[in-house]
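Take a look at the structures listed below.
Each of the next two complexes has chain A plus one more chain, namely chain B in the first and chain C in the second.
The block that comes next holds the complex of A and B.
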């Protein structure tokens, strides 16, 4: 068994707006071993990205992490670090790649300058050496003619190329943990596969742990060791990928898996989940999934179900199991 | 790209050429002026424009053309230095207000409101009346009272730019606030500042001329367009050239800065089809 790299305990993150407190993340607990991949899946607005931004502490000003939360990285609580200490963690220890490669690069600088900046921030390589390193990194992420490409501006590159540049930037400092927030959502399917392949290869080569945020269960099935399924700010099921696909426990997970179109299946209407996520400002007393759940009954509205270990390493938050 | 769009605007191009021409004249003043601007020649008092003195002479027989050429130096340097001061202050305060928001933003924006309610020209007159006229005082006071519009522009740009994902990406690799403000956001916020700078230079030149005209600006015998005008006022009825040419110079200079500024604005505005 590898050492635990990241342990998030009871993470609560809320946004405070004029309409009240929005509990975006409610008690997320997860852990990740060195070199492994954890997938976070769930529909839009279920708190996947907020969880990631909480770990990085890059939340907007109106967001607050509850004081009882703990984010242990290599045994240190990141929430107790000063801003300056946290700044040194970002990039060097934990890096992040974003959903929109179109907007995550600064339009007024060449990509070479932008990757070099990441290097300069955390090391004191000379300008010349740093530039050589940039070329190496670009070659590593599969950009051909890297020597020429470093002089390109972001708008001269395609979406896939830009995502590669962002990956190169994130990896430039050899982080131990990479948070990939829907890295392929904005890309088309063939490029998607290439990028995911690239991330896997780099993971194996550099022994990086990855948190892969996605709403694509297909991506999860192929690339991920463990999966956390999130719904309305909480993890409702957590298991190894194999267990989750073989025997999903939570009704929400079942519904998600049911909504995947199957190749070779008969022509019939795809199963969809009715209704939508309840507003996060007014949470019900009981199970948050109650209104959309097919197997709900009167017991479900009495209290919020806890995440319990149903089988070894397979956790679910539902009283019906 | 910018140059291509700019070139199509003939008026702006004219402005650019005039502005550039003035710069060359200011730099090469000792070489292009036919006479020493301060040499008094009692034999040539109040000569009308002619072959010896192209733009005539004043009541002390000094060559008007030479005085105006040296005056270009004063006017342009006051314009540039004053607006450079204003722009630096405006950029720094505007960036801080826009980036940090909340209390810092409120404080800086209220300061802007207060400064805007002070009539600059009278403040200038008061300060100069107290500390005495000097070209440096004029530059600093114009600079210290002219930064508000630039601060507002920069702040507005920052408010939208700071929400962009590349800012988040920069923070995710561990960039400090100062680096994000000045290296990542500011270069994206500069285009309205360029325009404002050019227009501001025209305003500052006009203000310096006004002050010098009132005797509060550049002091004789140092020539400036404003004080050539003042000196010529007494002889207006017999020597029209004493006020006509400096007035024309002020008008044309300001006009060429304005059309240049407008041309740059149009060329930088992607929504505008040229």
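The block that comes next holds the complex of A and C.
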């Protein structure tokens, strides 16, 4: 068994605004072994991205992580680091790629420069050597004519190319953990597959652990070792990918899997999950999924269900199981 | 596409753009002079009033001769046509005041001091306003942001002439440390070079301070908003995510984007400063084009007024053009289009 690389314990992140506290992440606990991939799935606004930004500590100013939370990376609590120490973790230890390659690159600097400055930051390469390294990195992520491309500005590249640039940037410092926040959502379907393939290849080559945030269960089934299903800021089910797809336990997971259109399926109408995620300002006393759950009954509104290990390595937060 | 072909195409695009822009500017210039000419001529009073209306011995015949001499008897559209024809030959006519010197000569000799004061003022405005704007954006809504905002708005809201008088009183009369008018002392000619420099500096302190203080708000607030906008962009999160220091994130990634729109303001702020010169040059008795314009307007010296209008509009339009070009040079997205 591999070493545990990242362990998030009881993470609570809230946003404070004039209209009150929004509990975006409520008690997320997860762990990730070296070189493995963890998928975080759920609807928009369920706290996947906020979890990622909490780990990176790149939250906006009005967000706050509760003091009881712990984010252990290689045994060290990231939340106890000073800003300067945390800065050294970013990029070098934990890197991140984002959903929108269109806006994630600075429009007024060449892509070569944007990768080089990350590289230069953590290594003592000279400017020229660093640029050679940039070319190598761009070739590694499958950008042809890299020597010419380094002088391009982001607007001169397609979305898929920009995402490759962001991946090259993230991998330039050889991080042990890569957080990919919906890396393919903004891309064409054909490009999506290429980018995911690229990430997998680089993962195998460099033994990088990955947290893959997505709402695409198809991606999860193919690329991920473990899955955390998030709903309204909390993990409602956690299992290996195989277990989750074979025997989903939580009603929410079941509903998500039901909502995938099947080729040759008998039903003409696609199963959908009715309603939407409740507002995170006023949380109910009982199960937060109660309103939308098909198997809910009066016991469900009495207390919030705990995440319990139902089978070995398979956790779910539902009292009906 | 080959790089050279790309360059050639870019050059053609740029030339095309410049010629189109120049044509636009020419039309605008024409419009400005047309409106100004009619407006000035519609104001009550004539340049001949000082000689005729105030002189009890003036006969109507003599007045008519005088007006005919200056061409004021012709209808206004004819006079505009004549004026435009002369201007196209760079002839702005003679001043209608008693010295009757060429209008352009009168302006030319007063131009250096106005340009000097305004250049120094623009330099200080940017030197002070840009850092204030950056600081206010980075520390948005902090106490220091609120205090600097208050300070720059006080400068913006305070009438220039009032502040000028107050400062003249405080520094010139009360503390008696700075001269209150002119640009040189009476004993200027007898001073050494260093003393001359020091003397001029002392004279320019108050006018420059007033110009700078009044203009800080616009640029610093503009800088603050463009900087805040830049800091909220996703590429800033990317820059932080790769472990860049906060100063690199702010001063490299955000600033480069935020300062682009501010470049435009440099060009656009020139005419505002010249019109500000009218007020402070009059109050501080500085012999610049602002004071000249004030005097010319008061005595309805049409030719000098129009020559100044031409000068300020050319400056404004040039400022616009330079702002466009500067923007294009600084922003790669525009450069390629």
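Heads up, the rule we're going with is that the second predicted complex is superposed on the first by the 320 of 321 C-alpha atoms of A that agree within 3 Å, B and C clash if a C-alpha of one lies under 4 Å from a C-alpha of the other, contacts with A are read in each partner's own complex, and residues count from 1 in each chain.
The criterion applied here is as follows: a residue touches a chain if its C-beta (ideal position, glycine included) is under 8 Å from a C-beta of that chain, and two chains touch if they have at least 3 such contacts.
Everything numeric in this text was worked out from a predicted model, so none of it was measured.
Trainee: Is the arrangement of chain B and chain C around the shared chain A a clash or a fit after superposition?
Mentor: clash
Trainee: Determine, under the contact definition given at the top, whether A:282 touches first (chain B), second (chain C), both, or neither.
Mentor: In the superposition, A:282 contacts neither chain B nor chain C.
Trainee: Classify the contacts of A:19 with the two partner chains as first (chain B alone), second (chain C alone), both, or neither.
Mentor: Neither chain B nor chain C is touched by A:19.
Trainee: Going by the contact rule set out at the top, does A:153 touch chain B (first), chain C (second), both, or neither?
Mentor: Only chain C; A:153 stays clear of chain B.
Trainee: By the touch definition at the top of the document, which applies to A:106: first (chain B), second (chain C), both, or neither?
Mentor: Both partners, chain B and chain C.
Trainee: Look at A:124 in the shared chain and tell me whether it touches chain B only, chain C only, both, or neither; answer first, second, both or neither.
Mentor: A:124 contacts neither chain B nor chain C.
Trainee: Among 21-29, 57-65 or 183-191, indicate the stretch of chain B whose C-alpha atoms run into chain C.
Mentor: So the stretch of chain B colliding with chain C after superposition is 183-191.
Trainee: Would you mind listing the overlap between the chain B footprint and the chain C footprint on chain A?
Mentor: Comparing the two interfaces on chain A, one with chain B and one with chain C, the shared residues are 56, 58, 87-92, 95-96, 98, 100, 103-109, 117-118, 121-122, 166, 169-170, 172-173.
Trainee: Tell me, which parts of chain B touch chain A in their complex?
Mentor: 101-102, 164-166, 168-176, 179, 183-184, 187-188
Trainee: Where on chain C does chain A make contact in their complex?
Mentor: Contacts found on chain C: 233-235, 237-246, 248, 253, 256-257, 260, 330-333, 336.
Trainee: Using the touch definition from the top, list the residues of chain A that touch chain B in their complex.
Mentor: Listed in rising order, the residues are 56, 58, 61, 87-92, 95-96, 98, 100, 103-109, 117-118, 121-122, 166, 169-170, 172-173.
Trainee: Show which residues of chain A lie in contact with chain C when the two form their complex.
Mentor: Going through chain A, the ones touching chain C are 56, 58, 83, 87-92, 95-96, 98, 100, 103-110, 117-118, 121-122, 153, 155-156, 166, 169-170, 172-173.
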